Each structure stands twice: as structure tokens, then as C-alpha cells.
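The same chain A turns up in both complexes below, where it pairs with chain B and then with chain C.
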Partner chain A sequence: MGNILEVENLNIQFRLDEKYYTAVQDVSFSIREGETLGLVGESGCGKSVTSLSIMRLLQPPTQISGQIRYQGKNLLDLPEKQMRSIRGNEISMIFQEPMTSLNPVHRIGTQISESLILHKDLSGKQARQETIRLLQSVGIPRPEQIVDEFPHQLSGGMRQRVMIAIAMACKPQLLIADEPTTALDVTIQAQILDLMRKVARENRTSILLITHDLGVVAEMCDRVAVMYAGRIVEEGPVRQIFRNPQHPYTQGLLASLPKVDGPRTRLQPIEGNVPSLKNMPQGCRFAPRCRRAMDVCRQRDADFHLVEDAHRVRCWLHAE
Partner chain B sequence: MYAYILRRLFSAVIVLFGISVVTFLLIYAIPADPARMIAGPKAPESVVLTIRHQLGLDQPLPLQYIHYVWRLLHGDLGTSYTYNLPVATMIVQRLWPTAELALGCWLAELIIGIPLGIYTARHARRLGDYIVSALALIGISLPLFWLGLLLLYWLAYQVPIFPLGGFGGLRYLILPSLTYGITGAAYYTRLLKSSMLEVMQQDYVRTARAKGAGESRVTFRHVVRNALIPVVTFAGIDFSYLLTGVVLVEATFNWNGFGSLAYTAIQNLDVPVIMGTVLLVAVAVVLFNLIVDILYSVIDPRIRYS
Partner chain C sequence: MAEALLQVEDLKKYFPIRRGVFQRTVGHVRAVDGISFTVQKGETLGVVGESGCGKSTMGRSILRLIEPTSGVVNFEGRNIVRLRKGQMQAMRRQMQLVFQDPYASLNPRFSIAQTLMEPMIIHNLYGSREERLDRVRRLLERVGLDADYARRYPHEFSGGQRQRIGIARALAVDPKLIILDEPVAALDVSVQSQVLNLLEDLQEELGLTYIFIAHDLSVVRHISDRILVLYLGRMMELVEAEELFADPLHPYTQALLSAVPVPDPDAKRERIILQGDLPSPANPPSGCPFHTRCPVAKPVCRERAPQWKEIKPKHYVACHAYA
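Up next is the complex of A and B:
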């Protein structure tokens, strides 16, 4: 199986007060056909920015360098017109906030069929039929009625289903889901994750799942990349990362999860805060919060070291 | 919805009643005597007394008001002191020219202001935005009569494309509308621009882009429609204001409209005409507020009245 998406040495800088600050540095990862990759990290670590840059939806003033190759083409080099024919068609996206992600003045059906009209050569009638079928496939009851309703008439879970229907309308190769369940009730979260898995399998769509929730990662992903302060610090198959985390940050994340079984122990938080864009530490960005930090950590950031097959970590503790 | 409209119309009657009382009282609070003004400053007191009696002005104020309302309910707005014509006839005669002028001025504002609003929002903080915003500011600061005279001088006198004022067909309407449009468009431009900039930050606009919609589709289908509410509010207020007569435009372009009728009526203390014009203005304001509220629910499906 080939890679559907390859991100290589991605750097993203934002301009704030006349100066550029690096939000994403040297990020590389790839997603195989049909695979689900989790991109995990705290808020502000650059995971949403990374996902928006794949869609080229970041608002200027930003500077992006590196490569984002989709089926061999570097998306960063494509003219806007070609990029538009990829957005919503071959790569689509769902967002965190279902309550505000749908346009309040258009009917549900209109918003779903918009993708179909933009990318598939469908007549109005065909688009409507396809829209009703899509609504049915994302588990919306009474699709013939819902198609003519407005977003405010639906609950958050239903709206996220509609967002999934919009994203899947053109059977994309890659679905980017940016915290798709964060704003939902826990019971609804499980339903939405199930639904995403189902539609992705049916259409053989790869998923880039952005989340801060390790539970969601364990549930959904084949592989996971952990981001901290704009860099990927550890990457590998989900099982290995959960069983054998190598980076102190990943270890800290897992230790801060409550365990249902076993003796009741205190949760172990990671001390300190995520550094701000304007105030990045020298060397390894996690060093100020790392209990095992050494002198070298504060001077230079580590390179990736291979732990096992396909499991790599950016940490001096693993340097030979 | 219909129940809502009926309720609004019912409350409108109460509003009109209140306005009629206040206007009536205000006119009589003015220390001037209509009978004396009709008779002239040199007329003997006996003539003034006769006129006052004829007009019923010697009766107690509450009784005068009751008589006025009684006649009003029978569709009689009274007779003009100055012209001795039924007020209803005078108003109806002026109503059409004023409605035409109001509509012309209003459309000119919208046609100039809204595209510029969309343009400045799409080019926010770029050169085009600065140029258009500067032009709009100049437009807003121009004295209406000065711009009107300038347009008349160049486009009606030097190059006689348009008539030199007066009321007639479409050709007569263009210069006054353009004058008002240029000075008033900036309000719409700014209102729409700021509203659009706010909408552009919304998540659903990002969703539209993520679907692969192009910039103009995003602007017109997703942004403008959501940004219209404040513009519609202002347009409603603006139009009812215009209907009451734009005295300056009417004066500059020699347009015999509602504004000049009201203006001369106040000068002559022509009470029945003042009352008639004020009531009509009140009706217009109430009516257009209702239309605006109904338009809200057309634009934004979340707004429902019951």
C-alpha cells in the first residue's frame, strides 16, 4: 500500500507584531491508504495548524515551507484553482465545533449538495437524491425531512453527522478530522467515532485524526504521532506507543490518564505549561518540564532515533 | 406569523394615538395664534375672533382633539388653513413625487453602497479598501445641496443631459437620486464591511472553503447573506426617513414633495397639514419597522415570530 499523504519538513510561521514566530517546525509524517493516523498533543501544539495547512486554509500572514505531497503532488505548489478541486473532493475536513460549522441560513440539503455540485457533475435532482442517501448513510433519521431543515433545528451530534455527510459526499481519499468529538457528549462521541470508522472503511478513506484525547486515539488509530510545541516528538504504531512510550512527554501524557482497573492512585500531571510561541526554549522544547532533562537537552534538540520498527522518538535519552 | 403581524398592527394603532396627542399638544404649546396668522398682523381683533370661532379654536383643547379624532376616523384630515384645500388631497398629491424620490435616493444609496461594502470587505486593509473608504468618507462629508448644484451645473446646464430640476419621468429622478446616493452610500458601505468582516471569521465560512468553494461563492452565498441583518435594519429606518421627505434634495431640485409641504406648513402654522404629515410619517415608520422585522425572518431562518 502506498502513501496517500506525505508531509515533509513542514515549517509554519505566523506573523505577530511584525515578527515571525514558528508554530510548526520540521514536521514530517505520512499516511498510508486506508490508514488512520492520530496527531496528538495539547492545545496550541500546532496540530490544528498542521491540518489546516494541508488544506491550504491558513489565513495569511503565514509562511509555509517544506512539502505536503498528496499522491505525489506537492499541494503547496498547486495553483489555487487546482487546490479548490481537491478540497472537499479528494481531501475533506470536519471540524471541532458542529454548532458553528454549518451555515445558519442555508438548509441542510443545500449545504451537503454544495460539495456535490462543486465537484461532481450532478443535476439538482440527482444531487438531492444523493444528499438524502448520504444523510441516511450517516445515520440521520427521516432524511427526506431533515434535508429541508436548518442547522438550528438539529442537535450537536446530528450536526456533526451532517458535517461527516458533507465531508464524505465526494468519497474523499483523505479525511482530516480536527477534534471531531471534543464538543460532544461522551455517549455521542462514541457514536460519531463509530460512524467515522464505518464511512471511512466503506469508502477506503484514510483519516488524519487530530485530537488531544488518547482514548480516542486508542479507539480509532493505526499509528500515532505525538506533537509538542510545534514538533513531532514521537511516532509509531498505536500499540507500541501505548505499551512502550519512549519520550518523557508521551510517558507523561499516558501517566496523566486515569485508569479504570487496578489500585486507585493519584493522577500524575505534567508539571509546568506549554511554552508560548513568543518564548520557545532553546534545545528540546520539553526540557524545562522534563524530569530527566540533561545539559545537552537545553542546548540542542535531538534528532529522531529508531526505537523499534516504525517507532521513532526525538529524545537525547535514546541517542547512542 | 399572521397573528404576529396583527398584534404589531394593533400596537401600531396605540402608537399613532400617542403621537397624535403629543403633536396636538406641541402645536398648541407654541406661543403663536393660527387665527392671527391667517388674518394677518394688521387685521382688527374682531376678524381674528371670527376666524378663531370658524376654525373651532375657541373651544377647550380636549374638545378640539376629540373633534379632530372623530373626523379623522371618518377619513377627514381637515382643511388647510393656508390653502383652504382638504389636507388629504394635498398629501396624496405630494405622496407620489415623494415616494418616487425616496425610492430613487434609497436605491442609489444601495446600488453604490452595497457593492463597495463587499469590495472593501474582500480587500480589507489593502490599497483598494483604503481608496474606496477615503472616497466614501469624502462622499459622506459633501454638503448635499452643494453636490446637487454641482451636478446640476455640469450635467444639466453645461452638458444638458438631464433636466434642470422639477418633477417628471425617470430623467428627472436621476440627478437628485445620485446626489443623495453619493452622500448616503458610505453608511451602507461601512455597515456591510464591518458586518462581513465579522462573518468571515465564522466557522461555517471555513467549512465552505473546505468544501472547495471559490472566493466569490464564499462571499456571496455564505458571507453576504449572513452579514445583511444590520444593513436591512438600517435600510428600513433609512427608507422611512426618506419617505418623510428630504427637504434639502427637494429644495435643490425644485421638487414639490412631502418635505416642502411639511416645511411650509410649519412656517405658516397650518395645524391640519402639520398633523396630517406627522401622522403619515408615523404610519410609514411603524410600517417599515414591521417590514424590516419580517425581512429578518426571511434572511435568517433562526428568527421566527409567533
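Up next is the complex of A and C:
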């Protein structure tokens, strides 16, 4: 199985008040064919920005460096015209808010068939047929009628199904899902996660799943990358991350969650707050909140160290 | 020993739907449709349900921040639904609300001191400004913030800190009951547990009673003594927290619990995926409101609403399957 996407040394800087601040620093990861990679972290950790940079949806004055290789091509070097033939066709995206990402003045059908006509050269009539089939495949009842309705006529769960239909229309190689179920109720979330798994399996689509919900990660992902304050701090197969977390931040996150079974014990929070972009600590960015921080942590950030096969952690505790 | 602090009987809140030039009432949204429960002193009652189940409306109706359509709310034996405006205002000192959104619920133009002193001024507590300021400083320390933050403004704080300020504001008037409406939903995971621990500490120290409204089931299980499950404005199940997760009886509760993603990749669970969407509370299904999505619905479920029954000791369910 080859890698469908390789991100290498990605750096993203935002300009705020005439100064540049680093939102994503030295991020590298890859996604294999048919694999689901989870990118987890709290607000401001850079997970959404990373996903937008893959789609090249970040505008100047944002500065991006590094490489984002999709099937060997560095997306950051592609002319916009070629990028457009990839976007929505080979790589597509679903967002958190299905209401704000659908166009309220266009019919559902038009929004789905748009990419079919653009990328797949279908005629209007063929595209409509295919659109109805897509709506059916994402579990929308009465697709022949819904195709002519507007987004406001649908519920939140139905709108997210439409978003998935749009994203899957051209059978992409890679689907980027940015908090796809965060705005949904838990019973609807179960439906949507189930649907994402099904369509990805049928089309052999790889998924980059961005979420803050460790439960969703455990359920959906093959591998996980944990981000904190713009950097990946730990990465590995999902079972190892949950069974044998090595970074104090990953350990802290898992320990702070209330459980749905077993005895109820006092929660173990991570003290302090997530640092802001303008106030990044020196050295390891987690050091000010880390119970096991040493002097070296406050001076220099650690490199990655291999824990086990394919499981690596960026922490001085693991340095030889 | 156990003493009822709050007793809610058949609480209803219908919002009229108005249409046309003359704004005639053409129907009602039955946001809360007959809810009854008792909360003991020092207890935490968790209230769970999905959007539109009426959990927030219920919280606000109990405090009469919106007027209930009918029903009884006894606070320490007094029916507060009957109280006149002035009496009700005095009563609110006993019962406070903490909101979900720590960004929207603090006035950006008020310093933290002003925010925390306002309820003291309204309720005429503490004689002088100095005493109030002193109280503000103690409150801030009590919720784990620096006393000097009193002079700052909301924009200088993170979400977790703002929620601590929201809790301090509720505590400012020494209430007996605090209704917490999704108090940790907007917070990051690592901060959420800090706030939950704070709420537990405050409860123990001050003998507070909580109604904890949330959609996150693991959070509710953690903090609650008993849990009430709502669906479309009606009560589905009510039981002690661990029992609800160990032995859920209502098909809706079973589906809800099975839908929660568990942070354990090896968890093998039988998942019940409900078909269809939540019906609109403006047009709720006949009989049991859950019958349109219920995997075990029978004809009778469409015709009659099930009775609220004690199926096991202190385990209440409204479902025809247990009739």
C-alpha cells in the first residue's frame, strides 16, 4: 500500500498586527491508501489550518512552507488551474457546519451536480441521474424530490449527508473531514460516522479526520496524530495511542475524560490553559502545563523518538 | 435525612406558533410537555437529551426566566409559579443559572468586579462597596482565579476562565440551587475536567444542589446522582446515574448510550443506529413521541402515550414495553 498523501515539514505562519506568528510548525505525516488518519487536538492546535493548507484554501498573507505531496506531486507548487482539477475531484472536504457550507440559494441537486459536470464531463441530465443515485447512497429518503429542494428544508443530519454526497460525488482518493459530526446530536452522529465508514470502504477512499473527540477517533481511525500548539507531539496506530500513550499531553487528555463505565473517580485535569498564538512558550510548548517538565523542556523542543513500530513521540522523557 | 429542595409537577411550556398578518396562533411548539421530578438537597440531577428535547426550556421555566404554561414548581415547599414579580425576584437569590457560552454570557463592557457585584446590588447584599469588593475577591479565589482579576474585562480571559467567572457570578448571592445549562460544552477537553472538579468541590463545601443539563452522556454520568432522560419534551427514564448506564430500560436510552463513541479502540459494543431524524416538537408524533424511531415499537405506541412507571426500585420508565 502506497502513501496517498505525504506532508513534510509543513510550516504555516499568520500575519497579525504586522507580525508573523507560527500556527503550524514542522508538521509531517502521511496517509496510506484506504487508511483513516485522525488529527486530534484542542482549539487552536493547528489541526484545521493544516487541513485547509492541503486543499490550498489559505490565502496570503499566510505564509506556507514545506511539502504536501499528493501522488508524488507537491501541491504547494501546482498552478491554480491544476489545483482546481484536484480540489473536489481527487481530494474533497466536509466541514463542521453543514448549514454554512451549503449555499442557501441553490437547490441541493445543483450543488452536487456542479462537480460532476465540472470534473466528470457529464451532461446535465446524466449528472441529475447520478446526483439522485448519490443522494440515495447517503441514505436520503425521497431523493427524486430532495434533489430539487433547498438546504433550509433539511435537518442538520440530512444536510451533513448532502455534504458527504457532494464530497463523494467524484469518488475522491482522499476525503478531509473537519469535525464532521461536532454540530450533530449523538444519535445522528452515529448515523453519519457509519455512513462515512461505508462510503469510504466502497470507494477505497482515504480519510483525514480532524476532531477534538477522542471517542470518534477510537471508533474511526487506523492511526492518530496528536497536535498541541501547532506541532504533532505523538503519532501512532490507534490502539497504541490509547493503550500506551507516551506523551504527557496525550496521557493527560485521556486521563481527563469522564468514563461511561466503571467506578466514578475524580477527574485528572491538565492544569492551565492552551497557549495563544502570540504567547508561545519557549522549548516544548506543553512544558508549562506538564507535571514532568525538566529544565531542558523549557529550553529546547524535543525531536521525535520512536517508541515502538510506527509509534513516535516528541518528548525529552524519551531521549536517550 | 433526604429533604426535597425542588419539586416539579407536570411542568409544561408551549410556545405559540403565529402566522399571517394578524399573527393568529396556529399551533404550539410543545417544548416541555409534562415533566415531574424531585431534587433532594445536596443532590445533582442530570438532565440529558438531544436538541429540541426541551432541556434548556425546562431549566429556564423552573427559574421562571420564561413563564411556564402550566405546572407546579415547589421550592422548599412554596409554589413559585404563583409568586408575584417582587417575591419572585427575591426568590431568585436562592436559585441561579450558569450558561453554556462563556463568551456570550458576560457583558464585555463590565469589569469582572462589576459583573460579580451586580447580583449583590440587585439583592441588596453587603452594606458597602468595600464589602462587596472584598466578597468579589474571595469569590474569584474560590473559583480558582486570581483575586486581582477583578479589575480586568472578559476579553482578557480564556473560555475556561470565563466559565469560572460565570460560576462565581452564580455564587455571588449564596444560592441553594444552581441550574447548569451545558456548562462545559464549549470548553476544550483539558479544561472541561478542571471545571467539573470545581463544581464538585463547590457542591461539597457549600452544600449546593445542582440541576446539570447536558448532551454529553459521559459528563452527566460523572457528575450526577440521578439522571433524567428527555425526548421531545417528555420524560423517558429517570434513575440513579450508574444504574442508567448499567441497565438502561427505555429503547431510546439504550440507543442513545450505544451511540456515544467511547475512547477505547477495543470497545466492542452492539450499536443501535436509530433511523430517521428527530421529529419537530411543533408536530410531535402521537402516542409515545419516540415510536417513529423506536426499533421495538408496537401498534399501541402510536395510539397512547405510555405511563410513567416504577419498573424497578427507584427506576422510572415511560414505555409500553414494560406495561
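In the analysis below, the second predicted complex is superposed on the first by the 320 of 320 C-alpha atoms of A that agree within 3 Å, B and C clash if a C-alpha of one lies under 4 Å from a C-alpha of the other, contacts with A are read in each partner's own complex, and residues count from 1 in each chain.
Quick note on the criterion: contacts are C-beta pairs under 8 Å (C-beta built on N, C-alpha and C of every residue); 3 or more make two chains touch, one makes a residue touch a chain.
If you're wondering where the values come from, they're calculated on a predicted model, not measured in any experiment.
S.K.: Record, for the superposition on chain A, whether partners chain B and chain C clash or fit.
M.R.: fit
S.K.: In the overlay, answer first, second, both or neither for which of chain B and chain C A:G46 touches.
M.R.: neither
S.K.: Based on the superposed arrangement, let me know which partner A:P245 touches: chain B (first), chain C (second), both, or neither?
M.R.: A:P245 contacts neither chain B nor chain C.
S.K.: In the overlaid three-chain picture, which partner chain does A:V186 touch, first (chain B) or second (chain C), both, or neither?
M.R.: second
S.K.: One more residue to check, A:P172. First (chain B), second (chain C), both or neither?
M.R.: neither
S.K.: For A:G109 in the superposed arrangement: first (chain B), second (chain C), both or neither?
M.R.: In the superposition, A:G109 contacts neither chain B nor chain C.
S.K.: Between chain B (first) and chain C (second), which, if any, makes contact with A:V216: first, second, both or neither?
M.R.: A:V216 sits against chain C, while chain B stays out of touch.
S.K.: How many degrees, to the nearest 10, separate the directions from chain A's C-alpha centre towards those of chain B and chain C?
M.R.: 80
S.K.: Looking at A:G157 after the superposition, I want to know if it touches chain B, chain C, both of them or none. Which is it: first, second, both, neither?
M.R.: After superposing on A, A:G157 lies in contact with chain C but is clear of chain B.
S.K.: Considering only C-alpha atoms, give the closest distance between chain B and chain C in the superposition, rounded to the nearest Å.
M.R.: 7
S.K.: Which part of chain A faces chain C closely enough to touch in the complex?
M.R.: On the chain A side, the touching residues are 42-43, 155, 157-158, 185-191, 193-194, 212-219, 238-239, 242-243, 252-254, 256-261, 264, 266-271, 273-274.
S.K.: Where on chain A is chain B touching in the complex?
M.R.: 55, 57, 84-89, 92-93, 95, 97, 100-106, 114-115, 118-119, 150, 152, 163, 166
S.K.: Show me the residue ranges of chain B that touch chain A in the complex, using the header's touch definition.
M.R.: Against chain A, the touching part of chain B is residues 202-204, 206-214, 221-222, 225-226, 299-302.
S.K.: Could you please specify the touching residues of chain C with respect to chain A in the complex?
M.R.: Going by the criterion above, the answer is residues 50-51, 158, 160-161, 188-194, 196-197, 200, 215, 217-219, 221-223, 241-242, 245, 255-267, 271, 273-274, 277-278.
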